[in-house]
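Just so it is clear, A, B, C and D label the chains in written order, and each chain counts residues from 1 on its own.
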Amino acid sequence: MMRLPVSALIGLCLTTAYFAAALLAPLIAPFGVAEIVGQSWEPASAQFWLGTDSIGRDLLSRMIWGGRTTIFVAAAATALSFGLGSVLGFFAAVRGGWVDQVLSRLVDLLMSIPSLISALVVLSVVPVTIPVLILVMGILDSTRVFRLARAVAVDIAVMDYVEAVRLRGEKQGWIIFREILPNALSPLVAEMGLRFIFAVLFISTLSFLGLGVQPPMADWGGIVKENKEGIVYGIPAALVPALAIATLAISVNLVADWVLDRTTSLKGGRNAR
Amino acid sequence: MPDSAVAENLLEIRDLVLEATSYPPGEPPKNVTLVHGVSLCLQKGKVLGLIGESGAGKSTIGLSAMAYGRGGVRITGGQVIVNGRDILKAGARGLRSLRGKEVTYVAQSAAAAFNPAKPLMGQVIETTLASGQIGRAEAEARAVDLFRQLGLPDPETIGTRFPHQVSGGQLQRVMTAMALCPKPDLVIFDEPTTALDVTTQIDVLAAIKRAIRETGVAALYITHDLAVVAQVADDIMVLRHGRTVEYGPCKQVIEAPQEEYTRALVSVRSIDHVEKAEAPPLLSIQNVTARYKGTGFDVLKNVSVDLPPGQTLAIVGESGSGKSTLARVITGLLPATRGHIRFDGRDLSPDLTGRTRDDLRELQMIYQMADVAMNPRQTVETIIGRPLEFYFGLRGEAKRKRVQELLDQIEMGHGFADRYPAELSGGQKQRVCIARALAAKPKLIICDEVTSALDPLVADGILKLLLNLQAEEGVAYLFITHDLATVRAIADRIAVMFKGQVQRYGSKTDVLSPPFDDYTDLLLSSVPEMRLGWLEEVLAHRRMASAGN
Amino acid sequence: MTLHPVARLAAQRIALGLLLLFAASVLIFLGTQILPGDVAQAILGRSATQQSLATLREQLGLNEPALTRYFSWLAGVLHGDLGIALSNGQPIAPALAKRLGNTLFLAGAAAVIAVPLAILLGLISVRYLNRWPDRLISAVTLATISVPEFLLGYIVIFFLAVQYQFLPSLSTVYDGMSFGARLHAIGLPVIVLVLAVLGHMMRMTRAAILNVMQSAYVETAELKGLRPFAIIAKHALPNAVAPVVNVVMLNLAYLVVGVVVVEVVFVYPGMGQYLVDHVAKRDVPVVQACGLVFAAVYIGLNLVADIVSILANPRLRHPR
Amino acid sequence: MNDDLAKLLAFVDKGGLGRRAFLGRTAAFGLTAALGTTLLPQGLKAQEAKKGGVVKLGLQGGESTDTLDPGLANAPAKNNVVRQWGDTIVEVAPDKALVPRLAESFEGSADSVTWTFRIRKGVKFHDGSEMTPEDVAATYRRHSDENSKSGAFGIMEGIKEITVDGDNVVITLKSGNSDLPYLLADYHLQIQPKGGMDNPDAGIGTGPYKLVSFEPGLRYVFERFADHWDPARGHYDGVEVLVINDTTARTAALQSGQVHAINRVDPKVAKLLSRAPGVQVKSIPGPGHYVFIMQVDKPPFDNKELRLALKYAINRQEMVDKILDGFGTVGNDFPINASYPLFDESLPQREFSLEKAAEHYKASGHDGSPIELYVAEGAFPGAVDAAALFQASAQQAGIPLEVMRVPDDGYWADVWNVKPFCASYWSGRPVQDQMYSVPYLSNAEWNDTRFRNQEFDDLIIAARAELDEAKRKEMYSQAAMILREEGGVIVPMFNDSVDAISEGIAGWIDDPQMELMNGFLTQKTWFA
């Protein structure tokens, strides 16, 4: 195993911890997500490790369940945006012609409106549920993935080794999956880290504005909103979720930077840093 | 060390050691020594040629004369004495007063070396003004003189133009003027003509030689082309892997090289191949005309050439002559607008998609830049093996055996099978491409400038390999190049192309013997030959020719 | 009269920009009209009576075909009439205009600080590449781009307003306010916005400048023995203008997002809060109007970036 | 008589009533109004008031669609604004004593049907004109007019005739009401020139501060009215009212010294805020209460069983502990608590019971579709959290309650009194008659529960004329039981009104009636 730089090590540990907590939420959360167990804003105690929130729910359980929602929605949205964005991006790069034109112009159009604004416009007419949030975030973010995937694929498609393979008479399937994809993967993987962070911040912002995850369900952004009165007094119920968002984003960032370094150096000598 | 005259040394380098840090993928970075204790000296007005293959350290040594480490190179040993003082000890201010005033630099690619956002004149006189000796008007006058001296068209106004408004050859001369403007003691020429077409290279070379003689400036001339340095240098140092192989006067090194490696460099151009006789064509290109989509003009204008089986047709021409376009037309990547191509007795469909699997198998292609011609994520075995799978359906053990045969054919050990392209040298990469082409058992291989990116000795090896393979397999080559020495080494028939038209076509001997049409004469006479005084001859010949008509 | 190529290019870009804005208006209108689910039901809630649903549908004109509704809406927009807000029956345009002014004032103030600061930090970190200033700046920017804007907001309120009372935590601006008082009032939200945008902009500016600093002509300048500052000012910066301008405009998207959140945190009467409130109230006409204005501002800024980068490119300014 | 006094004493020991409130309560028991002033606590007079400075209030409850018409003041910020520029003829002191203001003195007939008020002379309006009895009469006639939509219409409804007799204004009621002077102290009834008939929202009155400029729902600026008739009031040079609906921003504005006083401090934060430097938190028990109101004429709330199910499904004590942090008492689904005279302690308290809730819900035959409760932080401090608690307990009883969060902006215009089920508040009234008649009489303007019950109306109107206190108390108890059983209002808790002022303010007196000293903060306090 490569000797990890310390920053990547910290990043990796924190990220795995958060994802593990999200997966095992039902097992490790001491109370239910909306179970009212104590007084409002009780300080941390043996019974409630992080104290309670504005109406007496155990903050630790709510953080674990909230983390599960935030990470699940962000991961699902990123997966959707990557699936959609990269497949269309590759297809446009390899097919070229009017397919490429239509898709690229549509993406330009979608990106001409800042993503938060488009999300708000859409959320004003459809019932705000988790699947809708994932769909909206996924589609809006896939435009950026499309642009990256298409750019990377176009760079590769003009390479001589792709032309040599076309001269041999290979079909498009072979070209995309055996020639382009292996080389396009490393920049995309690094970008996935950044897109995930964007998704985490995006869903938290939506929930903070009251338009993301609706109560009694909770995600970190929502918990901050519920307890925002206490934030100026340093009440943990408001600070802890916000810090959780920040630490998750920073740790994924560290891992993504490390992945970017390692993959570019592996890309066959041409260190495209 | 040559017994230099008593004249005090302008530049003296003693036991120079240069190091750099390399970052191999996956391993911790480690230190690498590039130059192991090189020593040289240079008097005022003299020219020292530094010659060697890429990676020999010639550019880094040149730059050390300005105490400048490019890309993380560090000077870790030895002394560099300019005008009697060791510049390695000089602080940042000392170096600033040295660079651009006592010692100046001419880069390989002048186009990239000029600031695109500023007119030329400002950049040329920038250091002269900074040194404060003379005012702007006087400096501009000096620059215009230099422009005229270097043979630039309309010297008074060229200074007002931007770099992108001037040709590559002209920019190279403007950069020389920039280097000479502050009246330096030493100018470092770092492969000034390598990036130019062979015809423009002659003029720039002549201009530089004249400028050095007239200004009496000392010069370090760095190049990988021994023939070129022979025309310019007083002394020559041959370098290999950061060590001095031979160091002596130009005449001695060229005409009586002591070291084995120098002798190989001198004789590299001497392969001569006996041409084969006339025969019915394997490939016949009839009146082919082609144009790129969306452009208004024809890149190829009714080209007609034939290539008999087992022979080599060389397509010679400078950049923009349409030789690469011809290759794309033959492979079907760019369908011809008029004319047709007959191959092995049958008509090839102009478009790649219309061709049968055999059409595609019998016609293979090898590219100039080998490291982008192979998928970095596939091993050598996969690269060579895929055509066997695709065309002949070979699998498993049979395929592996055939790959080993091919590796033997290209004189590479079986151990290379599971290596990645990134781990191979330039020559080895090109050999694997050749093996990949051979795997299809083709009748014709199109070679597009396959040796121009390689060092002379390595290129020589590839040409010899191609000739042996032609003898063994009877495969025909369509060899595209701008280097006439290569043409002499390999061609049976030659087609000289100029602006999309075949200027001259026939067997090698016919094409290469006079009388020549003007363009071919210019082209042939521009290729430097490995003897002193060749440059003066060609210039005299041209002056006579232009005086004549 | 052959236009100077740069002018022709600029005209092309402006035409493209207008086309994009038109297409964006179609997207926004369709986005709110044809999505699944009954718009009237979504607005009035489940327990609304059939009769009230019918009147609302009539008022929204939902019964007419989408196309005619779009063109009547567009005609209105072109005459500056953005329609009537559902929730309070007031015309949208006047309220929106005042709030747009406030938002532009806030975003402008933040941009005026963030852009030079980002370029300066970019230069410093390139100047001291991989040394402690560069590492420190990179670490700080990594933190600011990972922290959600609302956390930045509350931290700033806690320290600068409550703890040390430098700046007011309340950023209400009203008509009679002097310019100085207005700046004082939006002190905190501008700080938060600058922090939110600075990280992204700095990272990209550093990359753009680094790219220019590693070019051949900068090495030539160094080999000409010029002082480091002269190299940067005379050779690096003129060529860095185009890429940096693009980077700056690219990051204005973060500014737009940041403005919305900051307005909610600081209760600033801007368009962001206006949009968020009316999305919650499902007031479709207001959401359409705000969406369109945001898109128009954003497309306009990208247009400016395009034109500036064309002007900064010597090849285009002085054709062959 | 004395058993009430005894009960009152018992109540005081429980800490339910401040000492001054107790004194006020005794005054109401049949003592004539004139005596009230002498009972004012001596301590107040001793401190010498300082003049000067501009006091800034940060208030919740304002919107861009607000106007200055006192009749339409239905939210905290607007109620405070009218107190700056206007005066009523009579004022209820913190201890419930009646203090004559624009009326020098007043007396009611034996059967309390006709009341005469002698109007003070030499009082100037802000536009320089002199106030006359005609202005007073015109003001009351305007508020009695149906289409003025005034919040005081419920009170005016009991008046038969208003006439001017020399310096006096004589009001004859349809039926006797001993509480009339208290009703005329209502903050809607600011005396305006010519009754404000021509433009009710001019903001011109006789108050200590004159309106300078305003931006509806954002900011109101006043300056000292030089020749105000009562030099003992209005010590500041100017007043600035800033509307800050967001609780966090409002609290931070006080802490950062940008405003000197704020209303509606979130009780959860009260303890923490009191520890902050330079801030004093004032929490005063009183008649104010928080409600969830159902419009009984709209399905599914027209079903009595469903209403009862919801009334049993709310955990009142938990709300007092968590939402009010203990600053308040449990409610019993009718708007009267111990701070009212003639309060009947013996009425059975409805307890939180999931079984009864489930029983009633099953009996209601409701189809199980989600019941939408609209709520915003602006409804009452902690409203969103209270709705979350209500949803949690209701769901345990199988009731599909769903919380719809809406923004503060436009809450009082588009949600309160519009949506079938939402949250709201009442700051309470001095006497039971007013608290019942303003929201629950069939024709009341602010009948936000659409409660139409003839028996209830008759009881309230009859009680007005009843002289025998015991019988009157009995009638109010019956009315309470009807409302508790049939009504559309769920009253989970009576809240202390929690305000916070900066330490720089002196002269604060606790006043249980309405926040910020019943709106008189700027008139009675000064910069220390």
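Please note the rule applied: a residue touches a chain if its C-beta (ideal position, glycine included) is under 8 Å from a C-beta of that chain, and two chains touch if they have at least 3 such contacts.
Everything quoted here is computed from the prediction, not taken from an experiment.
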#### Entry: Most distant chain from chain C, judged by the mean position of its C-alpha atoms
B
### Message
What pair of chains is linked by the largest number of C-beta pairs in contact?
### Response
A-C
### Distance between chain centroids, defined by C-alpha means - chain A, chain C (Å)
22
### Query
If you average the Cα atoms of chain B and of chain C to get two centres, how far apart are those centres in Å?
50
### Set of chain B residues in contact with two or more other chains
none
### Task
List, in ascending order, every residue of chain A touching at least 2 other chains.
210, 228, 231-232
### Query
Multi-chain contacts in chain D: which residues touch at least two other chains?
252, 255, 276, 405, 407
### Query
chain C touches which residues of chain B in the complex?
66, 68, 70, 95-101, 104-105, 107, 109, 112-118, 126-127, 130, 162, 164-165
#### Entry: In the complex with chain B, residue positions of chain A that touch it
2-3, 159-161, 163-164, 166-170, 179, 182-183, 262, 265-271
### Query
Along chain C, where are the residues that touch chain D in the complex?
45-47, 49, 87-88, 90, 95, 157, 161-162, 165, 168-170, 172, 174-176, 266-267, 269, 276-277, 280-281
### Message
Considering only the defined contacts, which chain C positions touch chain B in the complex?
### Response
215-217, 219-227, 234-235, 238-239, 312, 314-315, 318, 320
#### Entry: Touching residues on chain B, where the partner in the complex is chain A
23, 25-26, 28, 331, 333, 352, 355, 357, 360, 364-365, 367, 369, 371-377, 386-387, 390, 420-422, 436, 440
